[in-house]
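So that you can tell them apart, the chains are marked A, B, C and D in the order they are listed, and the count of residues begins at 1 in each.
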Amino acid sequence: MSKYALNCIGVLTSGGDAPGMNAAIRAVTRAAIYNNIRVKAIFRGYQGLISREIQEFNTQDVSNIIHHGGTILKTARCEEFRTAEGRQKAYDTMVSEGIDALVVIGGDGTFTGARIFAQEFNVPIVGIPGTIDNDLYGTDSTIGYDTALNTIVECVDKIRDTATSHERLFFVEVMGRGAGFLALNSAIAAGAEAAIIPERETSVAQLDELILNGFRKSKNSSIVIVAEGGGGAQAMAGRIHAQYPEYDIRVSILGHLQRGGSPSAFDRILASRMGVAAIEALLDEQRSIMIGIVNDEIVNVPFTKAIKYDKQMSDSVINVSQILSI
Amino acid sequence: MSKYALNCIGVLTSGGDAPGMNAAIRAVTRAAIYNNIRVKAIFRGYQGLISREIQEFNTQDVSNIIHHGGTILKTARCEEFRTAEGRQKAYDTMVSEGIDALVVIGGDGTFTGARIFAQEFNVPIVGIPGTIDNDLYGTDSTIGYDTALNTIVECVDKIRDTATSHERLFFVEVMGRGAGFLALNSAIAAGAEAAIIPERETSVAQLDELILNGFRKSKNSSIVIVAEGGGGAQAMAGRIHAQYPEYDIRVSILGHLQRGGSPSAFDRILASRMGVAAIEALLDEQRSIMIGIVNDEIVNVPFTKAIKYDKQMSDSVINVSQILSI
Amino acid sequence: MSKYALNCIGVLTSGGDAPGMNAAIRAVTRAAIYNNIRVKAIFRGYQGLISREIQEFNTQDVSNIIHHGGTILKTARCEEFRTAEGRQKAYDTMVSEGIDALVVIGGDGTFTGARIFAQEFNVPIVGIPGTIDNDLYGTDSTIGYDTALNTIVECVDKIRDTATSHERLFFVEVMGRGAGFLALNSAIAAGAEAAIIPERETSVAQLDELILNGFRKSKNSSIVIVAEGGGGAQAMAGRIHAQYPEYDIRVSILGHLQRGGSPSAFDRILASRMGVAAIEALLDEQRSIMIGIVNDEIVNVPFTKAIKYDKQMSDSVINVSQILSI
Amino acid sequence: MSKYALNCIGVLTSGGDAPGMNAAIRAVTRAAIYNNIRVKAIFRGYQGLISREIQEFNTQDVSNIIHHGGTILKTARCEEFRTAEGRQKAYDTMVSEGIDALVVIGGDGTFTGARIFAQEFNVPIVGIPGTIDNDLYGTDSTIGYDTALNTIVECVDKIRDTATSHERLFFVEVMGRGAGFLALNSAIAAGAEAAIIPERETSVAQLDELILNGFRKSKNSSIVIVAEGGGGAQAMAGRIHAQYPEYDIRVSILGHLQRGGSPSAFDRILASRMGVAAIEALLDEQRSIMIGIVNDEIVNVPFTKAIKYDKQMSDSVINVSQILSI
């Protein structure tokens, strides 16, 4: 691939699935065809690139998928792509299939693999951030985050019916292994009394204060959102139960349902814009970049930065959360 | 209460909350007032009857609640009502508040308490079945069951997005301690591959067959719904994982969100009809009965029967489940 | 088709689409294959039978469709099937494709056509009632009705937010050309003040009473549900506006969104059971019948009856509606 | 009000209701109390300020409202406030009730009234943008817009089921009198074939092209989203029908249900942040400003600008819409 050409691109999804990935696949496909570029769909992420699970897509193949969760390309983690041999096979596939460039939709791990592959074989690759955790540097939002946030909030609305009726204290564990965006923002949106997030240490004393000022004072219900990286809702509940055996405490771990469902309007639009932008970036001879949206404008973020830096959590939002839980 | 009079009724919710309880409270209140009967709302179940947490309701007090989950009367389990002293206090409250009869909304435990209380003090009590488990004899459906079924199915639809994208085997645990109605019917509605229910023993061999005929053959995704009474999704997953370490297995325990949420149209109508019927039954001098709906007709079921008998699961529905999972 | 054989069936959807039709197609297909019967999918209703738009289905073809609205077989009204020539072509297709019997999913018009065709060519046909109107004699519920009811109720819940905030009188028009089931039951479930249905004449005086007793007295919001067969919400609103120009009146016509959406749990289970029952009926050598569910049991209803008789509306339900609107 | 003091604020909602207004009322109330400022709730907008429909709020009064659509303060348009006499009465109420400043939640008209009132009586007023149209200059998003967008998209998803099953051409009319934000973005999110918006003239020729390139070519379904300001879906459909009588064309006017419903996570967070910011702005002695959010940061926008300027529609988003409808 010494000389640049853009007659055919490959598109794949990799890592954890996220609602809106199908909208991104659709946008990539249509924007490519709009620009007279052929599209080869690669199934099961990098694994499919290695084992040649590939099918040419036209506009009809991506009809009627914008509103479906998951990914029609399926996704998988791929150990073989971590090896030089695996990547050589992947490159061989590209050559024999005539794929000039790749659009990869996924998160951190996806882009780490893409960066190495791009360097080794001089392959143009553009990434689209698809992950519900919203933990990627360089974009205000990742595809799937808004949907997951709404899913969590709808679940907590339901749990609140029970919490209020029974006057219970609920600990609800949500996804976001290393990042508390889902936990903090769902706590604000659901009107929860507190959010326990990995970015802030929560001492026993603070939890105590919550209990004293909230639940105990009003003899009412309380909901605490706990990010899964934060030690776990179960442990938290145990700690409080040991100290306050008189309270009716329950734990709910939302689990995998947070990853699925029909994408929200926001995520569909985000995915559509990013998909179009990915093709435009390739036409502009960009490579080894992730498409981001910052302040409602498309930006190109080098893989190196998207992978390396941590996304910062806004202090003012943490502040809002605390003021409103009085 | 030697002589029968019906100038004022009390209404309470007791036991686990269920979507549609508010619709029932509204119907009881409006039907009573329509018949020139006053309504006293009793808070926190039997506990509130003992400790006099009571407020008179008019039609406005039940406006705009038909679509809300939970119960505006709150609910609690009450140890004191299991004692003769507790029930004496409850009766004293009825006398001093001028409450002639009770409408109690809840499940098995609620009606067991009601039956004893009614016998001891000769109090007219009519029950309305409100529980998501649908495990009460004498009625085709209990209030909250249809909503919980829809909630589960929506959750499994989301989980399927992830199961399909990742080609995983999911065990999803749903409520229904002693009864598999939710599990069996949600499995049919969600298109799951199998339902593990307490009414039927599932041998290791059967689970094996599922694996062999379903997941393994098609290299595809599978969802198994497990009733919480059935041993637990976690244990099931462990058993399969030990035997088939090559499969990507996940467990999701839906938990308390199954109890909440805006009631479905079906549950709102059921609750409305039952609430009106409860008042009509009292006017017809019925007592110690639960309102049921059988073949779309209102029936009066003696508490003794509603409590004593088990509701049977239809063989033909189990059969449908098996035919469709091929 | 003088001698009976059941090696291959055809399945089609016809008339207006209804949520749950896909669940029925899936159940028919799987139950047939379970019984070693081949399945030919016929596209665009009777038109596809005439013009041979046919494809063989296996179990994979109906995977992952149970939760989708609409019909993957598409649907159309077909003038040609009303002619003897059209029906002859349809029969020729059956012979050349080796289709021994038909399962037709639809409403009144679908079964009328089926009955004539079955008579003329001695073809075994079983019908499955799929229509949101629930207006078919012989079954407690038709596929799609429960979903449409929930869709309407969710819409009216939204409209009520606005009605209450602005203290308006809303007329909401819902589907159900000749039958008020959707209107009456959605009015109960949504807590509307009145339902105007074709089965009951609503005089100007009655509407007046609504206004006097409801909206005017409480200076509050009111919602009136109007069945589309009942003269129209627009006309109703005009009449009231002329008399009470001081009220803030709005009209909302819900329209086609009532026909779509992911089917409810109830409709998916109903469709699954009916689909299995249709195949079992054919195996039992039944023909010219519609599958119904009465009192939770599968019944076979002769086409002649399903078409001829009107489904009765329950007086007790009308009564509940009136008591609760006080 | 010559000397500045901030012991007590009044809060009201005015103009058309929007989902998230309750979340804003809650945030304003809690942030005020957090800062030791008393809160007086004013009912029915400016009308309530004139006629003294006022009630003091504490934190409990805004519990459990964050997830409800509409506005618990109710809203109304108020002719009297357009007169000097009306505004004098409103000011008298403020003096006698001890209200030092106002937070007004609404749109264009609300802020126009606020600006005149603030000038005449030297009253500190801060506005919060609550309108589903997203047509206010100075903020990236208004409260209610994201929810309305999701509501529209869910409705169009349902309509698409029918459009696809019947192979029809649908014109769906959405709100947004002078602004096409809802129409354009819902068209992208719903995967519609075109959006007709007031910002762009759509010629007969362009509609023709849509028909030729889309519906006619593929013999498939098409959905066109029409902003209500754009001439009307009905007129559009008539024009196309006259030219192409062979197509099956339907019109759906979504109407008032677009204004209601439980607010999305995004709108709840936006409203929460803006409510807190409104109190902080008053504490910072800001007045006659609207709170906006630009690039995820809170900004203060003078009423004069928010009212005067038009919000621009992004060309790149219009471009995305066109590329994806191929």
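Criterion: contacts are C-beta pairs under 8 Å (C-beta built on N, C-alpha and C of every residue); 3 or more make two chains touch, one makes a residue touch a chain.
In this text, all values refer to a predicted model and were calculated from it rather than measured experimentally.
The chain with its Cα centroid farthest from the Cα centroid of subunit B is D.
The distance from the centre of subunit A to the centre of subunit D, with each centre set as the mean of the Cα atoms, comes to 29 Å.
Averaged C-alpha coordinates give centres for subunit C and subunit D that are 36 Å from one another. Averaging Cα coordinates per chain places subunit B and subunit D 39 Å apart. In subunit D, the residues touching two or more other chains are 157, 160, 164.
Chain pairs that touch one another: A-B, A-D, B-C, C-D.
Those residues of subunit D whose C-beta lies close enough to touch subunit A in the complex are 26-27, 30-31, 33-34, 59-60, 64, 66-67, 140, 146, 149-150, 152-153, 157, 160, 164, 185-186, 188-191, 218, 262, 264-266, 268-269, 272-273, 276, 294-296, 298, 314, 316-317, 319-320, 323-324, 326.
Remark: subunit A residues 13, 17, 19, 68-71, 74-76, 151, 155, 157-162, 164-167, 170, 250-257, 259-261 touch subunit B in the complex.
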